[in-house]
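You will see chain A twice below: alongside chain B first, and alongside chain C after that.
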Partner chain A sequence: MKILVAVKQVSVLDDEFEMRDDGRDVDEDFFEKDLNEFDHFAVEEALLIKEASGGEAEVVIVTVGDDDADDALRTALAKGAERGVRVWDDSLVDADSVTIAKVLAKVVEREDPDMVFTGAQSVDFGHAATGMALAGLLGWPHAAVVSKLDFKPGDENATIHRELEGGLEEIMSVTCPAVLSIQLGINQPRYASLRGIRQARQKPVDELDLSDLGLSAETVKAASRVRRMYAPERGQAEIIEGSVAEQAARLAEIVKELRGA
Partner chain B sequence: MTAQPGAAAMAVPDESRLLIDRVLEARDPYAALGAYPFVDRSVRPALEAVILATPRLKLIFAAAAYTPPDLLDRISIDARKALQLRLAKNPATPPQTLTRLLRDDACERIRRYVAAHPRSDRATMSRLADDTSIDVRRAVAGNPNVPAGILAGLVADGDGQIARNAARGPFADEELLQALWDNGDRQVRAEIATHPNCAAGLLEQAEATADKLILRKLASNPALGSSALTRLTADDDERVRVAAARNAAVAGGLVEESDYEPSPKVRRIFARRRSLAPEIAVRLAANPDSWVRRWIARNPVVPEGTLRCLADDAVMEVRRSAARNPACPASLLMTLAGDPAPWVRSGVAMREDAPQAAIERLLDDQHPDVLSALGRNRQTPTATLDAIAHHADKDVRRAVAFNQCAPADLAAHLAEDPYPLNRVIAAGHPSLALARVRQLLDDPEPQVRFTAAARLARQWNRPGGAPAASALNHE
Partner chain C sequence: MASKRPAKYDILFEPIQVGPKVMKNRFHQSPHCIGAGSDKPGFQAAHRGVKAEGGWGAINTEYCSIHPESDDTHRVSARIWDEGDVRNLRAMTDEIHKYGSLAGVEMWYGSSHAPCMETRCTPRGASQYASEFETLTYCHEMDHDDIRQVQQYYVDAALRSRDAGFDIVNVYGGHAYLPVQFLSPYHNKRTDNYGGSFENRARFWVETLEQVKNAVGNDCAIASRFAIDSLYGTAGVEVEVDGIKFIQLADDLVDIWDIKIGDIAEWGEDAGPSRFYRQGHQIPWQKFVKQHSKKAVLGVGRFTDAEKMAEVIRNGELDIISCARPSISDPFLPQKIEEGRIDDVRTCIGCNVCISRWEIGGPPMICTQNATAGEEYRRGWHPEKFEPAKSDDTILVVGAGPSGTEAARVLMERGYVVHLADSAEKVGGHINAVATLPGLGEWGYHRDYREVQLDKLVKKNRDSQLALGGKPLTADDVLTYGADKVIIATGSSWSGDGTNSLSHDPVPGVDAAKPNHLTPEQVIAGSKEPGKRVTILNADPYFMGPSLAELLASRGHEVTVIDGVGFGNYMHFTLEAPNMHRRLHELHVNVIGDTWVSKVEDGRVQIYNIWGDGSRREYRGPGVIPREENRTYEWHDYDTLVLVTGRTSNDDLFRELKARRDEFTKNDIKGVYVIGDAWAPKLMADATFDGHRIAREIEEANPQLPIAYKREASVWGAAYLPDGEFRQEWRV
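Presenting the complex of A and B:
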């Protein structure tokens, strides 16, 4: 039994930032890199299944990213996953969600897992598309925003709960293997112990390039492209204190000021 | 500048030099930053080269309030706009650095942040008071340290926002406040009415107004006389009475009228006052508003008999307040230690003056609130602290890290805690052996390494503070 968890090293933005010269992204200097918050929950869910089965399951972490992404991979390994896979090629620099899913699909073919978990979305771009695209490419069932999971090694079906709009919850059954996009709050992610962090440095990580997966720069060419990224102009804000009458008076004053009266 | 291990071959204590060499060798910016304020000035350039090694690190430390002022000054040499903006916003940026940020090409945002910065000096504020941007001048007027002379020049603009900011200025003097009153709108006058430098004549004019905004602000003026305050406590507007009740100058006699006060908000404020007469406290203890009873139960002036009644209140928060009351007798604490609500029991568990018997009664309690309180309590026996330090909940374990009486082995255990914040606190624990602190220089969490390096550097660079034996070489 093997669970493959796809994780991403995300970029968290500082409050003051500058754009890149090409105007298509923020300058890297203004990013704090970290493991995607949603992925902590996906990793934890896989580890809980492994532990409940008495270690019968193997948890493998996969990421698509350059050398920097090793930190995110090791963070997940430190929690208790067995090994990692990192795929990178410079032609993936502008990869979109579907392209990443194409790469992950090849890793899935190679690893042959019984289940694939992803975070429900990434906190930097928030497309929430990679898991869905991966399932589509594999022809596997997919469930998004999974808030509860009932599954153990050997089960032919997994019972899942999904959060829907309006506070509704949906319970559904999916045939395994499947791709599940895990929602925040499904569990309480653990902190890696110092021992786990030290051990993670020694855990095996397969470093693959596109050719290892039978792909090429042509086959992973992104179908979408960021044309421009910018911060829209913001208006001013003022908190008006006092009673309703005082607030109304101040509001009238502001309107007069804006109209130049 | 290149950092070289061994570059710290200066007249510094041996242990300190070992620490610096180690930090430089690891090229760890966070440990270097922790050590920086405590090391000899001659070794700082080598540390700076590590701390500011990349543009990213410069950006991080330019914005951090924990960055030492000398280092912020060093960063300000770099003209990158994003750095300059961060320095202008950083509350730790020293006055001379703020002045340096006002280059000829400094944008309006930088000028505005410097103008509003509490550490900007008089010369800088004076210069910015003549700025072409109204927003910059408004920011100067809002600076809490702007002198009256500069404010007087600014209000000549006739701008409403500047006038409002100036009227709030702690250094606005009587003359300026009078000029602002004469020319200001009701918002400006309201600010003047609450100003401690407001002249008696203006206070009288403010009291004579029917404007409730001005009266409310006037009621909170700490310089207001008792007769005016008495009149305002009887005002028909609840918000005016609330402001008067909050005024520290309110006389005891006024408080005695508090149980006739129709507003629960005013009663709650009076219930907190330590000057409350015991008989008023007794009356307020029977108030149907549980917030009034909560505050009375916490008030040490409440007579013991009344406190015992409050300790039996149906509302858990009132009982918790009784447990937190500094005058709560030992026998009542014993009773409250058996309260059905964990939140009440934790109120007893956190008290270091609780009778030993009350603490013993709580030792088998398994509720996280109670365990967290016991974990911080210096009276708690070591065996109980040991169990709490091994609790499954990271927040419960952290309580022991805060306990300054926790023994060395528990501090060492918490220095290995999976939760990084617990390791940060353990790194500063007085019982943690220096050899263990030194091991934390290898911790994966930057904040832990920062804390460990700061502690070691402080230890080894204080006059006569170097330990007799080499902690660095003792594992």
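Presenting the complex of A and C:
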């Protein structure tokens, strides 16, 4: 029994930042790298299933990212996962969610897990698409924003709860294997202990490139691209002073301006 | 990278001419006590020197007695009485000059406020009065010979100050000391040409300034500290009456006006605690001076914020920002502003625990925020620089309150890998509750500083971690955590059974499990609704009782305090007591003092006068107390009982680990230590110190116990004066 957890090293912005010269992203000097917050919950959920089963399950962490992303991978391993897989190729620099899902699908073929978990979304881009695309490519069922999960190794179906609009909760059953996108709050993620961090340094991580997965730069060409990223001008507040008549006149003026009259 | 300071702060870094000297910027460390004086020159030099390094443009001694007639023992002042003092204070001025800052001396003659308990001199004053501060001490009313003589003391002290390397000599007429005693009709009842009219009352001060200026004015800047309003109305000095007139009269005699308000008996109106006063609280008085003076004007007001500092200069209210407490809390405040590192400023919380040590008389100053304050020389602690880690040991700190956060911060500054664990979502421990009490919001700066620094450090120190909001760690968790060393900082809790410092036992009938018996934690958390009539059992001498009384009375409860130890007694030392008592009086809080509780029943407490009835003591054999047993009791009704009786360490985790010490080796644990309130409940300043201390000494053979510090004391075999004799010399 194996659970594969796909994680992402995300970028966290500083309070102040500058844009990259090409205007398509923030200058990387202005962010910190960290394991995606949602992924802490996905990893925890896998570890809880493993522990509840008396260690029958193996938890494997996979990420798509360069050497830097090793930190995120080791963070997840330090919590208690068995081993890791890291895939990278320079042609993945501009990868979109679907491209990442294509890579992950090949890792799933290779690892043959019984279940795949992802975070519900990444905190930096927030597409919430990778898990869904992965399930689509694999032809597996997918559930988004899973807030409660009842599953143990060997089960043919998993029962999941999902939070819906209006405070509604949906209970559904999915056949396994499946891709589940895990929501914040489903559990209380553990912190890695110092022992865990030390052990994580020794844990095996398969470092794969595209050819190891039977892919090529052509097959992972992104179908979408970021054209521009910028901070829109914010609207400005104005304190209207003067007599009631003056205030009313100014107010009318503003309304006209806003309506483009 | 440190960014450069915003242009709006440039005004704080403009040099300013003060008489024959140039001050390099607008940051002035006001005279403040530290417990060093001139008898601990290493302490004095290191503490002031660190501030020069941190960018203060001018740095002063504490009040510095000009003559043995002004002896404040057992409180510690500096002294410039003789060559021995000159030698010792030169250590300070040399250290300050290394960084291009100016050294200032506050020349002090206390009159009847100086009890002269060491020198056994008789102080002299404008008139004869018993001090309103030292109410046992009277002064001798000066005649004209006395006036000449005391003025000569100022001149001689100024000359010695110049020789000791001081750049600024300050004729100290603040806090109701001698010059302002002459000016104030509250002290000056004379009918000769030194009393009566404004001109006559001003004469002593003006003459003294003239003489000091003639003596050292070419070499030193002449400053005068002036309590420009006694806050007594017409009974004392009022800013817009005698205050401004004196500025106009003496303006040509000074280079710097050092302006403050208030007296000495209630000097918390000057050194205002954050509980009652915000920064810049003296500006409404200070601002008049610049309208009538051509000289540099400086003033205190616990300025902590660069924004406010720049604003008061821009507004023409002051020329120079003077700070005592903010300079203790962060000796590098100017440098951090200059480098644009505002979020690294260790902001003064205004608790006045620094001041409490002077008020107690004798102990070295301590600071709640800055554990290195007072430890610069004797322990070698620099506020901003740390010895690099001496090993690869990893350290687990359990508990993120004042002590744990400080330990983790300093360990990480040293480069250690640290995990700081707390079951709360936010660092700060009990400060998160305390800072919600009336007036104590600024105490939260203690947490905020550490929170910001820990967030930065944890990003810098690979593998370090803030593990907040998890389940409380068990002994098993700690043993298998993988840390080489473990520091337990789990704090303390208020007793739920009434255990107190008077009986050392629970109070019968008290039980915080009952819905109407509340610990302070329960009151603050709002977990139980208090009834209309609240009775506080108080056996703690600090802030918790008064704070809860204020909180509950301001919410409309009828509050009675049964107090057995002196309600808010320590707040006399922090200068919070006068306004605290006024506040509770306004809120109709009924404090029944000298009283404790013998037992509690449902809805009523049995109380007794702590002195009881047995004034005569005699031996009566075993099993019988040697006094008449107390026979007098009263009953007092309550709806809700609040238990400010005593605290107990949360040390279960530490004790369980200690009991399992034989498991340390197999888990590769080198040691488990306990700090802060979990060791023993203490002041927040001392808990912070514990955390800092263990982090500096973690490599020692037993980091649980502090290593010896460098002592400064008289050394047998050496004379104090250069040409003195140390051996006994009988006058027979």
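Here is the rule we go by: the second predicted complex is superposed on the first by the 235 of 261 C-alpha atoms of A that agree within 3 Å, B and C clash if a C-alpha of one lies under 4 Å from a C-alpha of the other, contacts with A are read in each partner's own complex, and residues count from 1 in each chain.
Methods note: a residue touches a chain if its C-beta (ideal position, glycine included) is under 8 Å from a C-beta of that chain, and two chains touch if they have at least 3 such contacts.
Owing to the predicted nature of the structure, the values given are computational and were not obtained by experimental measurement.
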Contacts of A:192 with chain B and chain C, given as first, second, both or neither: both
Partner chain(s) touched by A:30 [first = chain B, second = chain C, both, neither]: first
Dominant toucher of chain A (residue count), chain B or chain C: B
Which superposed partner A:125 touches (first chain B, second chain C, both, neither): neither
Common interface positions of chain A, toward chain B and toward chain C: 190-194, 196-197
Interfacial residue positions of chain B with respect to chain A in the complex: 54-56, 59, 63, 81-82, 85-86, 89, 160, 185-187, 212-213, 239, 394, 416, 418-420, 443-444
Of chain C, residues touching chain A in the complex: 394, 396, 417, 419, 421, 459, 463, 465, 467, 469-471, 477, 480-483
Complex contact set, residues of chain A against chain C: 32, 188, 190-198
In the complex, chain A residues that touch chain B: 14-18, 28-30, 190-194, 196-197, 242-243, 246, 249-250, 253, 257
